[in-house]
Each structure stands twice: as structure tokens, then as C-alpha cells.
Amino acid sequence: MKRVLVTGFEPFDGESINPAWEVARRLDGWRSGSHAVVARRLPCAFGAVRDALDHELTALAPEIVICVGQAGGRVDVSLERIAINVDDARIADNDGAQPIDRPVVAGAPAAYFTTLPVKAILQRLRRAGLPAQVSNTAGTFVCNHTFYVLRHLAETTHRGVHRAGFIHIPYLPEQAARHPGSPSLALDTLIAALRIAIETSIEVSDDIQLAAGALH
Amino acid sequence: MKRVLVTGFEPFDGESINPAWEVARRLDGWRSGSHAVVARRLPCAFGAVRDALDHELTALAPEIVICVGQAGGRVDVSLERIAINVDDARIADNDGAQPIDRPVVAGAPAAYFTTLPVKAILQRLRRAGLPAQVSNTAGTFVCNHTFYVLRHLAETTHRGVHRAGFIHIPYLPEQAARHPGSPSLALDTLIAALRIAIETSIEVSDDIQLAAGALH
Amino acid sequence: MKRVLVTGFEPFDGESINPAWEVARRLDGWRSGSHAVVARRLPCAFGAVRDALDHELTALAPEIVICVGQAGGRVDVSLERIAINVDDARIADNDGAQPIDRPVVAGAPAAYFTTLPVKAILQRLRRAGLPAQVSNTAGTFVCNHTFYVLRHLAETTHRGVHRAGFIHIPYLPEQAARHPGSPSLALDTLIAALRIAIETSIEVSDDIQLAAGALH
Amino acid sequence: MKRVLVTGFEPFDGESINPAWEVARRLDGWRSGSHAVVARRLPCAFGAVRDALDHELTALAPEIVICVGQAGGRVDVSLERIAINVDDARIADNDGAQPIDRPVVAGAPAAYFTTLPVKAILQRLRRAGLPAQVSNTAGTFVCNHTFYVLRHLAETTHRGVHRAGFIHIPYLPEQAARHPGSPSLALDTLIAALRIAIETSIEVSDDIQLAAGALH
């Protein structure tokens, strides 16, 4: 079996759960064709996440990697287009670190584009009745940091990772119940969306052309 | 058995489904203690909805009535506090009518407050992990019109209706998939919320005090 | 000269200024035809505002009264359609009071509609290039309380007040600079808008019909 | 005198004015210390903007370049952090072109960071009471395209451009008056903000450290 690594993070920003890990762990062991999903939980910490990710890539040798992160306040499934080479933390991470305007990887490119077929995923999600958008920023916190590290490793030391990207998901309803006014999506909705993202990443080698940009 | 009437509307504004009716029809026949739910679909038309509602109240003699409506763009379950005596339609209804600044019921009060225990419902929803808010406006379209008519009938010709109110719900995910950027909640989440609203309306006779107002 | 009373509030909710009073005081003494504006500052307190307003109505005998309030987070000039008979304070007012689900005036109507020609004002504002909307809720804090008291006094003890209403305005830019992500409008923009609201209230006796409602 | 080039665009997306050009042209000839501003209007067209910009850089040999663009729907002054190497047009540009997922410059880096001191600008804007944020995406339309081209030219053929970046601004009030619900800022507010951005770009050689990132 080929492996698909799906990661989620531990809770952060005062939350007791992280929807990304709730989704990822329910996909552990799920199979699609000749691929099987392995789920791993990552620390929400700038200093620890690179080693954690490097370790899993070495141990599991996945062909596809999808990191999932919580985006509290977003309304739907965000297929991230690009990771940028900067950390600018508005709050401290789970280890108390708060880097400001430091590169994720010194001397490395300003950005890496996702290698997931995000337009094909977007099309399939919408056809399946699942709300999604392509996003042009994953922020400047641990999510973007992890996404950048993942793509950097896939370009340098772990070239067997053929597809690598990041998906942001909204709060779960139980989180939104404590944040009045926040949008949310049910766990089942998110699991269904991730399955389609995984399947599409396995099946589609050349992404489709579909207008899904932003005016600003 | 005592009856709880739960209504939803037919689709409007270009939609092929209405989440309010999707929720309501799945609650038809559901029982809580000595009460049973009867679901009915209402027309999305200023001219037709009063007769339709009057007919159901006469035929079913419900003790509790909860009308449910679609609020595309809202993020969570909205417990409407008040119905106001004005129609001001931004678009035409399903019969092509577009009243502007006309009273719902000429000569009747400027507004009616809900008689659902909305604060107790809010508390129970949040404790159950379901996102909700008290809303201070149901708009000025067919939803507010229906809410106002319901409360007017309960105050005048159908005084056996002890509790009557309106709940707005967001798009379903399949609708949000066609409206990029719109929040949504899964059908199961909405059904769970409505069950709690019904149960609480049956069980709570005097609403609790809970700050859930708006600064503006 | 006939008098137009324009009120603003003292700062609240941690602010050091209130845009409503900043606008109102700059209109003090402004004349339009046979009318002159008198500006007064109101306390942001449930317990004190009724006496303050009653005192000014008695002392000034205005023909038109426009109360203005800050709506931090709103994007444009909100012409309030209706005041509702409930206080439900999410935060304490400037005297430390936080009433929950109490009537503004016990035994009085559930709501009062504005008697300002809000649709004519809306049309003139837009034609003048000033962003505005009709709003169907003034919230449940001191603004709505004041609006309700104003209309109640105009219906009972101060029947010489022919037009009375409430206008919510956004933050000033200097406030938004301290609340990243908040919309704002410049003081000059707000003053221009209020002048049009005053002039229109003087000139238009029967409001126009213009669709400006909300679907929900 | 050293030159600061400030550009704005022609109107697009159905608008009759573009706030970016309205601001830019009012800054033409403005002097700060030993620098003078030259304003130029750019076409809103993927195919034409590179030559137009190249021409101005050659003709004017500016030391600093700030391109300004309209971001209808944003609430404040957006200091763009990064330009990305992709065109993904949701609508056609003014020449009818709608590139999808094409590089801005084939073979060039995935992204360029701004060389404006955006954190110092942010701090000064806020201290001056002007609402602003650092933005991590300039979209994927002509604005991002222009920003990318600008930075690419400054890195390759026009190395005399020491500072180059992009600032997005909201609608003007007169535009928001035609787009109900949209935020806006007055022209004077925007001009004041741009002056500070220009002065800071002239005066600050090493940007300050100030947390202004996004969690997602």
C-alpha cells in the first residue's frame, strides 16, 4: 500500500479540541484504491513542528501529505494555494514562542505553491455539495509554517512526497457554541470533504483549469 | 397527545431546496413526552401564508408553534425575539408580490415578542455544543411576515397556542457550495438544534434571565 | 426659529470618544431654512437617559429630534426603523447597570416605528454619494432604550415632537485604528450625512416608497 | 530631487472611478524632504501593465515605488506583504483577458516580499489614527500581477528601485453608496494614509519588528 499522511494539530488558542486532529484521526486507516491513510498529530509550536514532520516523512515515506489546520472564523473548507517564508505570530504558540518577521527556513524561497490539485478538489467538493474555496493565504502562524516546512522538505530531503499541501477548516459547531457569531461545519461534513481531497489527490495528476481566484 | 406545529417554507430566492422545510419534515411525528410534532410546509408568499397558517392552526389546534425559515448568510441558529408589523420586500416573493412599507396586519400592534423561552433554548443549545444566538430582527420579508401573523393569530383568534415563535437557520452545506463564502450548518446539526428548541418550549414555562442582547 | 434637537452619547465600552457626540456637537447652531439645530450630550446609562431626554424636550420644545449613537462594527449610516420595548444589556452601562429582559417602559407598546422619513433620507444620502442603509434593529442596549423612550415621550407627554428617530453611525477612523479589522467613516462624511438627514426630516412630510428591506 | 512613483489604476469591475487613482493623482507633485511624488495611472489589464510599468520606471528612475489598488469590501488600508507568481482571474480584465493559473513571469520566483517598511508604516498610521493592517494576500488579479511585476523589475532590470510595494485601499463612500453593506473610507483619510506611507518609506531603512500577522 502507498501511504497518504494526514496531519492535524493539537489544540491551541485556548481551545480544548482542534477540529483538524478530530478529522485526521477519524481518517486513520481509511483506504482509497491502493492508498491507505495514516494520521498523525503535530505540535502547535514553531520550534517543534519541523522535527516532528521530518520524523514522520522519514518513518512513513508517504506519497501524498495533507496537513490540516483550524481556521476559526472561516466559513468553509479552504484549499491553501501557497505557503510563504515568514513567521509573524500574533499570539504565542503552545511552547510560548512568538517569532516576528523571521523566515521559516533561512535562505529558502519566498514561497512554495501547493502540489495538491486544488482546482480539481474544489470542483469535486462543490459537486458533492460541500462548501469550499481556494485560499491565497494560510496566515503567518504555525499553520503556514508547517505548510512551508512540508513543501520545503518535499523539494529537498523527501522528494518521494509527490503531492503536499494544506487545508484549513472552520470551527466545529461545539467550538462555535462558545464563540457566538462564528461559523462552523459539522465533523461529518469535514470528514466527507477530506475524503474527497484525498481521493482527488490520488487520482488527478494534472490539475484542471478553473477560475477560483480573488480580486484582492 | 398535544401537538407541536413546526413549519418550513418552500424554496425561494432561486434555491431548489429550503433548509427550513428539510429540517421540519424530518421532525414530523417526533415525540417528546406528551407532545408530538406535526410538520407543515408554508408558501413563500405574503398573500398566501396567512390563510395557510390559519388553516393549520384551526385543523391541528397546536399548543406550541415554531416556524422555521432560511437565513442565507447567517452563521448559526437564530432565535428570533420579535416580529414587526411591516412588509418591506427587497425581492419579489414566490407569487411575484413585493410589498413596500405596508403593515402585515393593518391596525395591529407595531410588534409582537416571541412567546418561546428563547433564553432557556439558547442556554441548552450552547450546552449541547450547538451554535446559536438570539436575534433582534427577523427581517422584513416573508419570514417576519409569517412570524408576525403567527403571533397575531395566537393573540386573537387562536388563543390555545401558548407558545409561538420563529427560528432562522443558515444554508445547508450543499447550498453554500453554490454560494462561495457563505456559512452553513449540516442538516443533522440543525435537526438536533430544533429538537432542543421543541423540548425546551414544552418544558420551560418561565424563561430564564441570560444576557444575550446586542449593543446595536 | 423651530428647533431640531440632535443628541449624541458620552463615550462607552472603553472608548475615549463617541462619534455620535463628535458629530452632534459640530451641528450645534447649524440652520436649515426656518430650523436651527441644538446639540445635547446624553449619558450612556439606562437609569439616567430618560430624565435627561425628558428635560431637553421640555426645555427646548423641538419639532424634530434625531438621536445618534455609535455602532462599532457597522459599515455605514444606519437609519433605524424601529425601537423595541426591551433592555437586554450584554455589558454594563456607564453607571454599572446591566438590565436583562426588562421593558424600557412597563405596560407600553412592544415597539414604536421611527417617524423620520427614512426612505427619503436613504435616497438622498445615496444620491449624495453617502453610504447608508435602513436598519431593522437598534440592538437592546442604551441606544435602543433611548430611541424607545424618545418615541414614547413623543407619543405621550411631548406631542409637539413631530418627527423623532435614531441614526447609528460607525466608528471614526481613529477608533478603528485601535480595533484592527473594524470599518469606519470620517467625521466629515458623517456630518454631511447628518445634515442631509436633518434637511430631509424638515422638508419631507410623507415618506417615499423605496424597497430597502432585509430578507432576514 | 529623488522620485517616488505612486501609481493608481483606471476603473474596473463596473466602477466609474478607481479610488487608487483618485488618491494617487492628488499626491502628484507632493514633496517630502528631498523626494517628490510623481503619479501615474496604470491600465487594469494583465497584458498591458508590465510594459506600462517598465516604461515609467525607465522614464522616471524612481527610488521608491508604491502601487495602489482598489479592494472593494476591505475595511481599511492594507499594506501588502507579498506578491505571488500566479494569475487567476475571477473576472475578465479591462481588455477582456481572464488568465487562469498562469505565472505572472514564467520561470521567476514563486513570490516576492514587499521592500516597503510595512511594520513601521503600520505603526505610524495607527498612531496617526488611521486604520490599517498588514495583508498577506493581494489576491490573484491585476493588483497582485502588478505588484509581482514591480518587484520582479526591481530585482532584475531596474535595480535602482530601492523600495517597492503595494497598498490596497477600500471603496470611497460614493462607491459604497452604490454597494449597500460595503465599507469605505473618505478620500482625505486615504490621502493622509498614503502620505504617511510615503514619508515612512523615505525615512525608515530598516523595518521595525511589530507583531501584525494572521493566525490563518
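So that you can tell them apart, the chains are marked A, B, C and D in the order they are listed, and the count of residues begins at 1 in each.
FYI, a residue touches a chain if its C-beta (ideal position, glycine included) is under 8 Å from a C-beta of that chain, and two chains touch if they have at least 3 such contacts.
These numbers come from a predicted model, not from an experiment.
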{"item": "Any chain that touches chain B and chain A", "value": "none"}
{"item": "Greatest separation from chain A - chain, by CA centre", "value": "C"}
{"item": "For chain B paired with chain D, centre-to-centre distance based on mean C-alpha positions, whole Å", "value": "47"}
{"item": "Separation of mean Cα positions, chain C and chain B [Å, integer]", "value": "30"}
{"item": "Chain C residues counted as touching two or more neighbouring chains", "value": "none"}
{"item": "Overall pattern in which the protein chains touch one another (line/ring/star/complete/other)", "value": "ring"}
{"item": "Sites on chain C touched by chain B in the complex", "value": "13, 69-74, 78, 81-82, 84, 86-91, 98, 100-101, 109-113, 119, 134, 136-141, 143, 168, 207, 209-216"}
{"item": "Parts of chain B lying in touch with chain A, wherever the complex brings them together", "value": "75-76, 125-126, 128-133, 172-174, 176-178, 180-186, 188-189"}
